[in-house]
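One structure is given below, encoded as structure tokens.
Here the chain labels run A, B, C and D in written order, and each chain numbers its own residues starting at 1.
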């Protein structure tokens, strides 16, 4: 089971709509279960630096089959996964990466969002995930 | 002058339609005039290896403000730009990268397409470019 | 709107003058709105390691349309953007990167300065920015 | 003996003047004897892809203390240095990189120029070198 482009486009549309409603400009990325880029959109005026961050958030979520906000406490100094970001050519371990599940609850990919506060990023990613 | 997300989405839609009509599966990328990712779509079943190739084709076209098929003869052994691909963290210099121009003829970005023969890739990229 | 080479040269001249007045030796970089290198100067005897740092400071400022000193508190352990530096092939998130604005207040690029304390780096970058 | 920033700036000014006289737009880079960036200028409208190429040309010239056009025949298929470009995080081995010598004939750095044909690039680099 893997996300289709049609599903990824719906996820991005929902995320764009939520971002606009929150008056934010986001970079939005969807990857499949192989952590490969499926779809991407940069809203006009969104940060250039968030292109790569949104992609890395989505990849990180698929790499470990969990939302990136679950990783944040585990990567701090002294915590078990301290500096895990050095693997996989760079991870992003703060909020904004959310796994995408199909109707049966199976993970079929992930969405990564970057462009505002991490709280906003996470909300927009969740709005995208709920469009599945 | 820079491409908008709305324009980039129209370019990708036109490219997807052309690719489907040709019975091919393509990775399609649009970058802006700064060679930064603006939009991307991987058609279901399209090659994973073409994600990066489509991005590099689009970037290469913007880097040198020309379609990538114009570079192909110049980069062969013995030709003036032999092994230019080692620059810019990797270029792709075969067909499939096409500059995008606005109504005034100004370059506002580029499309990169990969997933079939380079002839097919170029045709699909051109179909995308014509949607501007 | 994008910075011109003539403007970038004025920015670098002002930064060099300030650095000399402070008896420091700086690496000074200017990038455009696409985070692409526009101009660079390494003062005689300035640290070699600051070549890349000055470039990354300027790119980081453009990537997120803010001075790098605004990022510093956000990237500490436990803070929201902890380890963001692993994105974009390396960011620098301490002071010394300052956005450049035109007369209308639009961001047209950024200056990055490295070679002394971060306080000195920031002062020199600001002197460059004021030359716009 | 190493190039000074003041000398590097004169080299770049001469190269810019020559490029303008030839109606070309160039990316121009000067490195020192350690192959470290000393000065750089991208003329308005010059190719973005030539930022990295001009830097790699200058570095390549210093790496092997010879102009890059001397390397071109040696890197072809079947020639002794075939695919040397894979070293040093990427070399550029076509014309446009020229060593810079002081009055005594000692190499003090190199200039790299990119933005037009390799013949034009080499001419502009030579004009820069003659300003020493």
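Heads up, the rule we're going with is that contacts are C-beta pairs under 8 Å (C-beta built on N, C-alpha and C of every residue); 3 or more make two chains touch, one makes a residue touch a chain.
The model shown is predicted, which means the values in this text are computed figures rather than measured ones.
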| Per the centroid of Cα atoms for each chain, what is the distance between chain C and chain D, given in Å? | 25
| request: Starting from the mean Cα coordinates of chain A and chain D, work out the distance between those two points in Å. | output: 42
| field | Distance from chain C to chain A - Cα centre to Cα centre, in angstrom | value | 29
| If you look at chain D, which of its residues touch at least two other chains? | 48
| task | Could you classify the connectivity of these chains, where an edge means two chains touch, as line, ring, star, complete or other? | result | other
| field | Which pairs of chains touch, using the document's own definition | value | A-B, A-C, B-C, B-D, C-D
| In the complex, chain C residues that touch chain D | 4-6, 8-9, 34, 36-44, 48, 51
| request: Could you pull out which chain C residues touch chain B in their complex? | output: 32-36
| note | The answer for chain B against chain D in the complex is residues 34-35, 60, 62-65, 77-78, 80-84, 86-89, 91
| said: Please output the residues of chain A touching chain C within their complex, sorted ascending. | reply: 47-50, 52-53, 56, 72, 75-77, 83, 85-86, 90-95, 117-118
